[in-house]
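A short worksheet on the structure shown next.
Letters are used for the chains, namely A, B, C and D, taken in the order the chains are written, and counting of residues starts over at 1 for each.
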Amino acid sequence: MTKILGIAGSLRAASSSKAVLRAVLANLPSGVEGTTAEIWPLPHYNSDHDGGPEVAEFIAQIASADGLVFVTPEYNYSIPGVLKNAIDWASRPAYASVFAGKPCMIISVSAGALGGVRAQAHLKYILNGMLAHVHPGQEIVIPQAPQKLDQGVFNDAAILAFIDAQVSDFCAALPKA
Amino acid sequence: MTKILGIAGSLRAASSSKAVLRAVLANLPSGVEGTTAEIWPLPHYNSDHDGGPEVAEFIAQIASADGLVFVTPEYNYSIPGVLKNAIDWASRPAYASVFAGKPCMIISVSAGALGGVRAQAHLKYILNGMLAHVHPGQEIVIPQAPQKLDQGVFNDAAILAFIDAQVSDFCAALPKA
Amino acid sequence: MTKILGIAGSLRAASSSKAVLRAVLANLPSGVEGTTAEIWPLPHYNSDHDGGPEVAEFIAQIASADGLVFVTPEYNYSIPGVLKNAIDWASRPAYASVFAGKPCMIISVSAGALGGVRAQAHLKYILNGMLAHVHPGQEIVIPQAPQKLDQGVFNDAAILAFIDAQVSDFCAALPKA
Amino acid sequence: MTKILGIAGSLRAASSSKAVLRAVLANLPSGVEGTTAEIWPLPHYNSDHDGGPEVAEFIAQIASADGLVFVTPEYNYSIPGVLKNAIDWASRPAYASVFAGKPCMIISVSAGALGGVRAQAHLKYILNGMLAHVHPGQEIVIPQAPQKLDQGVFNDAAILAFIDAQVSDFCAALPKA
């Protein structure tokens, strides 16, 4: 089985990012299985410490995944600090961390009209900087995301079809284990 | 007295960012006093909660400051997650938070050759996005910062002179309370 | 009279950017007059030459303006090369060109859904880098701009009202000559 | 033979970018041949016209290359307008131009201390936006480039060795025609 690790950038219980990630992981192509990383238990990054077992577990999840799917909201024209904090923990040593060479896909969401496109720009640059391989597809941005949830389920059929096509391309291009 | 609030982006005990911030705050112009914000006690941002008294204190510090000085390292081509997390807490409501109209200065540091210039680009964009007024001076980047500390004291005279000139301009341009 | 110089980033005859700029300059506050810079006659930037009289004229227009209003489309996630080329000509010497200290406003337009927000990010960074003072307002992005033209006239009343409010703030904050 | 097309971002006769590009193309791995694109003859981009034979030639060069190597200076915290203008001509239709899927490498140069790292960030974002495949290697930035030329020849051995290693990786990863 090909393994996808999903990472949502928000901690809110009713987060649109989490809902979109659930929808993506529920519709993976045949032969691909998805799991979700939890970033809330990670402490603040501080290189004086190793971060404890939660950090080790997060790094191991990334290492064992064939590809990563990020779904992130936009906070203040960038990604949430809490998502960047999780990335920081798994980013050492520079240029040779578990992110190096790791295939990644990005989806951004917002409550506003622009779908988190600014946050996506920053995340792409951060991932490139760690030598991750960001899937070169048309950017997936989801504006007015909260209005597209029904009882916590993201169910915008047109957007899901657009996402699924890119996820299929992404999964098909993953190196076979 | 004009009040400057200093915010360092790293939590390390021996952080170069903290050392540079100490040097800046120790050399403020006459009539200007500096204090330091602590970002390590802030929880992970989650809009389901208000973050407790540490968040309230952090927001109050920003609100009562006449200007902010950020000194940040670069982690993975952007600012540390923990610094972005602190900013996220103080950023609501959008376009009308304590950052709106707040004069800000940015200094970036790195152990490498480029002085954190990439992190500075992201921080500037984030601050602009909250309608803060980023001081329009030549970017202050400090490469090989750890080598410029002596027993925890940043003492590169040429860089300090360059910084002090900009800090003086920044303080002189602050609106009088 | 306060003088505003408008700069459109596209050369197309039927450009939405030009149409939006015409609408902005036709609605300036009382006591403010607007003129338009032409960037098409400028040669490709090459510091081996001075660019000739068209470059001298462009620089003089910027120097004598109290504020600049850019209206730009987005080409390939950034500003048009032709707009950047014009900026390059007027950008010397570094940090001390006619852009240093010059108040600027940015409006971006696109045929798509995101209104040129990516181009706006690059233009803001470029202007900041020359020490221009970018007006710290909420970003003005105009999606589906071509659909909002009627016989070459931009007439979306809601967007024009939003723009006019920011233009008024911008003009009111300009240093008096 | 694998074909590399080199594109320099400056028009100056004594350009450091051109000198670095010459050095790169003179040291390509066995089985790889390099040619240079000329961007100075291209007119200003204007979608009302097709740009003429120079544009057609430039697009054909990109189409027939197995990979592209950009060497760019930094003008005002971004790439030169003249380089962006060339890219704009070859960028249509969006997401399906000759850049889509094209392997690209970036080298930036500057006269100052930061090696054009800001320009590199913008170029990477622009190329990603056209679905080009930017080689995920450590960024190659060359500070104080003019001082590293000897009679127009770039001959900094340490930097050339660093570049050649990445160029070899890049060429080895190119899809075989």
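By our rule, a contact is a pair of C-beta atoms (placed from the backbone, for glycine too) under 8 Å apart; a residue touches a chain by one contact, two chains touch by 3 or more.
Everything numeric here is computed off the predicted structure, so don't read it as measured data.
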Legend entry - B-D compared against B-C, more contacting pairs: B-C
Legend entry - Remotest chain, chain D as reference, centres from CA atoms: B
Legend entry - Between chain B and chain D, centroid-to-centroid distance (C-alpha), Å: 36
Legend entry - Whole-Å separation of chain centres (CA-atom averages), chain C against chain D: 28
Legend entry - Rounded Å distance, chain B centre to chain C centre (Cα mean): 31
Inset, instruction - List, in ascending order, every residue of chain D touching at least 2 other chains. - result: 118, 121, 125, 128-129
Inset, instruction - Using the touch definition up top, name the residues of chain D that touch chain A in the complex. - result: 95, 101, 121, 124-125, 128-129, 131-134, 136-139
Legend entry - For the chain B and chain A complex, residues of the former touching the latter: 11-13, 40, 44-48, 75-88, 91, 94, 118, 122, 125-126, 128-130
Legend entry - chain A - residues contacting chain C, complex: 113-115, 117-118, 121, 141, 143
